[in-house]
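Step one of this worksheet: look at the structure below.
Order of writing sets the labels: A, B, C and D. Residues in every chain begin at 1.
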Amino acid sequence: MGCTIGVDVGGTKIAAGVVDADGRIVDRIRRPTPAASGPAITDAVCTAVEELVARSGGDVEAVGVGIAGFVDDGRSTVVFAPNLALRGEPLRDRIVRRTGLPAVVENDANAAAWGEARFGAGRGTRHLVCVTLGTGIGGGVVLDGRLYRGGSGVAAEIGHLRVVPDGRRCGCGNQGCWEQYASGRALVAEARDLARGAPAEAELLLKLAGGDPDRIEGPEITRAALEGDPAARECFRTVGRWVGQGLADLAAVLDPERFVVGGGVSDAGDILLEPVRRSFARHVTGRAVRSLADIRGAELGAAAGIVGAADLARV
Amino acid sequence: MGCTIGVDVGGTKIAAGVVDADGRIVDRIRRPTPAASGPAITDAVCTAVEELVARSGGDVEAVGVGIAGFVDDGRSTVVFAPNLALRGEPLRDRIVRRTGLPAVVENDANAAAWGEARFGAGRGTRHLVCVTLGTGIGGGVVLDGRLYRGGSGVAAEIGHLRVVPDGRRCGCGNQGCWEQYASGRALVAEARDLARGAPAEAELLLKLAGGDPDRIEGPEITRAALEGDPAARECFRTVGRWVGQGLADLAAVLDPERFVVGGGVSDAGDILLEPVRRSFARHVTGRAVRSLADIRGAELGAAAGIVGAADLARV
Amino acid sequence: MGCTIGVDVGGTKIAAGVVDADGRIVDRIRRPTPAASGPAITDAVCTAVEELVARSGGDVEAVGVGIAGFVDDGRSTVVFAPNLALRGEPLRDRIVRRTGLPAVVENDANAAAWGEARFGAGRGTRHLVCVTLGTGIGGGVVLDGRLYRGGSGVAAEIGHLRVVPDGRRCGCGNQGCWEQYASGRALVAEARDLARGAPAEAELLLKLAGGDPDRIEGPEITRAALEGDPAARECFRTVGRWVGQGLADLAAVLDPERFVVGGGVSDAGDILLEPVRRSFARHVTGRAVRSLADIRGAELGAAAGIVGAADLARV
Amino acid sequence: MGCTIGVDVGGTKIAAGVVDADGRIVDRIRRPTPAASGPAITDAVCTAVEELVARSGGDVEAVGVGIAGFVDDGRSTVVFAPNLALRGEPLRDRIVRRTGLPAVVENDANAAAWGEARFGAGRGTRHLVCVTLGTGIGGGVVLDGRLYRGGSGVAAEIGHLRVVPDGRRCGCGNQGCWEQYASGRALVAEARDLARGAPAEAELLLKLAGGDPDRIEGPEITRAALEGDPAARECFRTVGRWVGQGLADLAAVLDPERFVVGGGVSDAGDILLEPVRRSFARHVTGRAVRSLADIRGAELGAAAGIVGAADLARV
């Protein structure tokens, strides 16, 4: 069986790759996401596909696109992508027309979840929830071995579970959304607060950020935590507790066999995952009688989106 | 095609019925649940089934049981039923051995959800969430037209979503569970508080309860609300807001086409459902761009469990 | 200068003592609180006073009573004492008439606070807040060296600060009151939950309570914590965090020089006070620029009420 | 008796006035606050005072300054004023040296509270709490007829009571502070959210802001509410509920006879105060047996700071 192309369209870059039937990326390219609106993005996606097809010598059977936005139930139109200024873009049809290849469009977190489910940390499970801790929180749900998309294609918007009534305001217009407490943005806010309020404790964090609390970003926190910095570890514990609580809520609804935790925040590995597991075990309902879901770090990293989208393009 | 028997085993009564292929109950009986432990309950279930079989003239093909507890993945053993003092009871095998009929065992909220999905307010949907507002909150989830049971059979324990950190203590050992805010018990607590703190406003409520706040129960609140009592209506609004918020959380994860709301609290009809719908519309994430799930009252009432269990017993 | 009598009227016992001008108790008696209503309690208080007067050889100048209830602004009438079934009881006048001694009546937490302020852990401060962590939380506030009673005599009901919106229901009719999180009752609930949910971790706690989670009471938790039991210490840390947060709220309003923490929960000493201090230091507003209030354990124990009431009876 | 000068030093302007013994402003000037740090501000204050003295023909006996910051216990040094870049500024001594007049320095919210207590809505009370709902929340507490300053001069930082655990982040470094829910900033955030999420309901609000949700400010909301706009009224109800809850917390601690509510948000009068009173009456502890504090709008408006500071300068 031949290869398919997976494309991952994010707010800053478009990453595309030729992927074989075993989920291996055999060729890849990366382009900045055009700042202009709809047609320019569609055009950039098509150009990337054409380039990969040309380089592949024609051994490409289909195209799958994962994109940061709501996608319609027919996996065809981008209903709304706030960070990409897309609304009602018939992305699939345009790709088909231009490249002549069959195509599917999927939400990017769904595509990444599918990648992990098929070829990464989710292999071998029937019921799986993938949680991507990036700037916000993305999610993908695989049930009975199939990607679950919901009644209108917007299932798994798990970052917007409300975890604190009247809590922090979220870009979605609600207050107290999980992603305000358990994402990369939350981790950074925690670290900056700590560096401002207790600079002595956050010495290494501050040093890595050139002394300016406002320049602390995720990578500095991860690095400091890996070097054993107590302030950075405290930040991961705080965020980890919120992650674990949210997984407990998801387990109450979905009872998955496994959670796969990815995204930039998960680069810290067990420094994040240990508090997540502890918090999960402490909060999940029925913990005394149920079998506890497994919680693992993602394995495919940033490639999950490409690999998952490519696989979704297969019949 | 012939009939099957559905049995609904609750904390106080066992209700069983012969149900035809269209979900109609053609014969039914009702027995108190034995206070004694495991074997007595199993025995009572079998006796009820035998009696119905005898009365039916033999036209029964299978037995389905819905029971208030955790049921194993094989739909066979009651892993744990706190209110029935059952633990590890091999209910299915015992029924099969004694009655000679094929049998399945299911969680009671799941069975009721399946009843509504097939023959009640959920007809015609592929993705459905049923919420039963009784003393606590039970739930059942139908995805892609099939009952969703999760990795270990305990999916849809939706009453234990945490909606308030450090909130009210729940019998499950956690704090802030949804059912502490949105169930019949919550409605009653609200009404009693109101009757104690502002007796003048709660005049009718108090009158219906013989003047004693502690004797206000669900039916009094519903009756007072239906008669227009402002205090009772206020209680339904408060509980309705919490119900709607929880549905918004479930929609973020599951994106169902419809919610069916049943249980004793839902007897108040739109007095409950209107605040539920308003709260849902206000809190569901992506409300500006998504299609809003439909929220309906259950149609089968207390029969949903019998009808659903009976249908699950068909192949 | 001569002695005065202090009386501490609680739900279960009446304790009275003859106290000298240096706050030393030179004679004392203790009686059960009569179960019957108003007059019986007043009678028991008068009898205790008469007995002490008789034993003292007449060297008594005045009587001060601290009582668990709301006392009017004239320090004369018990407006409402829910646990004593008193309402509108003119306690002062009755004592004066019967014993011939001048008298004052005060809320019991206020009296205890005054005792600590004058002769205990509050000596030498002008602005002091005393917090009594018993079954609930009582409070007394000394400002500019005087007991602060508020506009209608009910100041310092600090146990009813709301710390969690929609939190645990409180006997006062509100939800989320501080005393539901930071009192002895909260400590016990925490320990029982832990013993039920994780019996292995709570081994010593359970042993001290004869194996029954529901028989764990405050003294068992304190003893286990003093013996190093990790589960009991965890309970004190949880409660200590809530205590510290509440003190931070009080500091935002009152900016006292010192907090004195008493009541049964404080018998654990630094096992409680260390997490209290950490939580306070972390949550108090302006912590980088303000001077942090001192947090000390009470010194007078159960005698604080007698000593304080006796001193309040002096001109 | 002669006049004194009151100066109100805020983040954007310095307002100063000559005030007679009855609290009447007989002359006033207004200057922008210098952007530069400490000395420039002190200089601007002195210049304003000198100018008023010159115009008064010498009939000025003393100077009182209210300033947005922490002032030391001796009412002399500005310990820290985050919005004015002052730290350790010996403001009183500099004014005395330069103008030859006796001077006192006070926190601006305290000065305003004193103004209302002496000549405004607080007249005739002994125990009073003033709450200023501006961008944040300022507070002043008058107990036994005297301004209460606390152990280190920072009492009445009531905007930083924590009302929501893990709530919205506050500039003070904490989370869930009252001023994130009940201030002008909270009102504006509420209105913008509403205008974004439900533009049809917020038609008038949007019109007043030229169609741009991000240009809605306090005055637009007040104007729309006064014209009966339901969306604006809803915003005041939401904020009013939080205000009333906070007053209930303050009453639990301080039991004042009256609350005076001022600041820009209070320009809406009863549109704000009615929901405040309802929420207060519903949440204050002991509401069934206590006398409820009076809640009134401030009377002196922006002049309260000048009038109060001037009066504090009298012996």
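The rule is short, and it goes like this: contacts are C-beta pairs under 8 Å (C-beta built on N, C-alpha and C of every residue); 3 or more make two chains touch, one makes a residue touch a chain.
Labels paired with UniProt names: A, B, C, D = Glucokinase.
These numbers were taken from a predicted model, which means no experiment stands behind them.
**Q** Write down the chain pair with more C-beta contact pairs when A-D is set against A-C.
**A** A-D
**Q** With over half of the numbers shared counting as same, classify the chain B/chain C interface as same or different.
**A** same
**Q** Taking each chain's centre as its mean C-alpha position, how far apart are chain C and chain D in Å?
**A** So the centroids are 35 Å from each other.
**Q** Cα centroid separation between chain A and chain D, in whole Å?
**A** The computed centroid separation for chain A versus chain D comes out at 45 Å.
**Q** Could you put a whole-Å number on the gap between the CA centroids of chain A and chain C?
**A** It comes to 52 Å between the two C-alpha centres.
**Q** Taking each residue of chain B in turn, which ones touch at least two of the other chains?
**A** Counting only residues that touch two or more other chains, chain B contributes 164-166, 173, 197, 287-288.
**Q** Touching residues of chain A toward chain D in the complex: what are they?
**A** 164-169, 173, 175, 181, 189, 193, 196-197
**Q** Applying the document's contact rule, which stretches of chain B touch chain A when the two form their complex?
**A** Residues of chain B touching chain A: 70, 79-80, 125-127, 141, 143-144, 146, 148-158, 160-165, 172-174, 177, 245, 248-250, 252-258, 283, 285-291, 293.
**Q** So in the complex, which bits of chain D are touching chain B?
**A** 165-166, 197, 287-288
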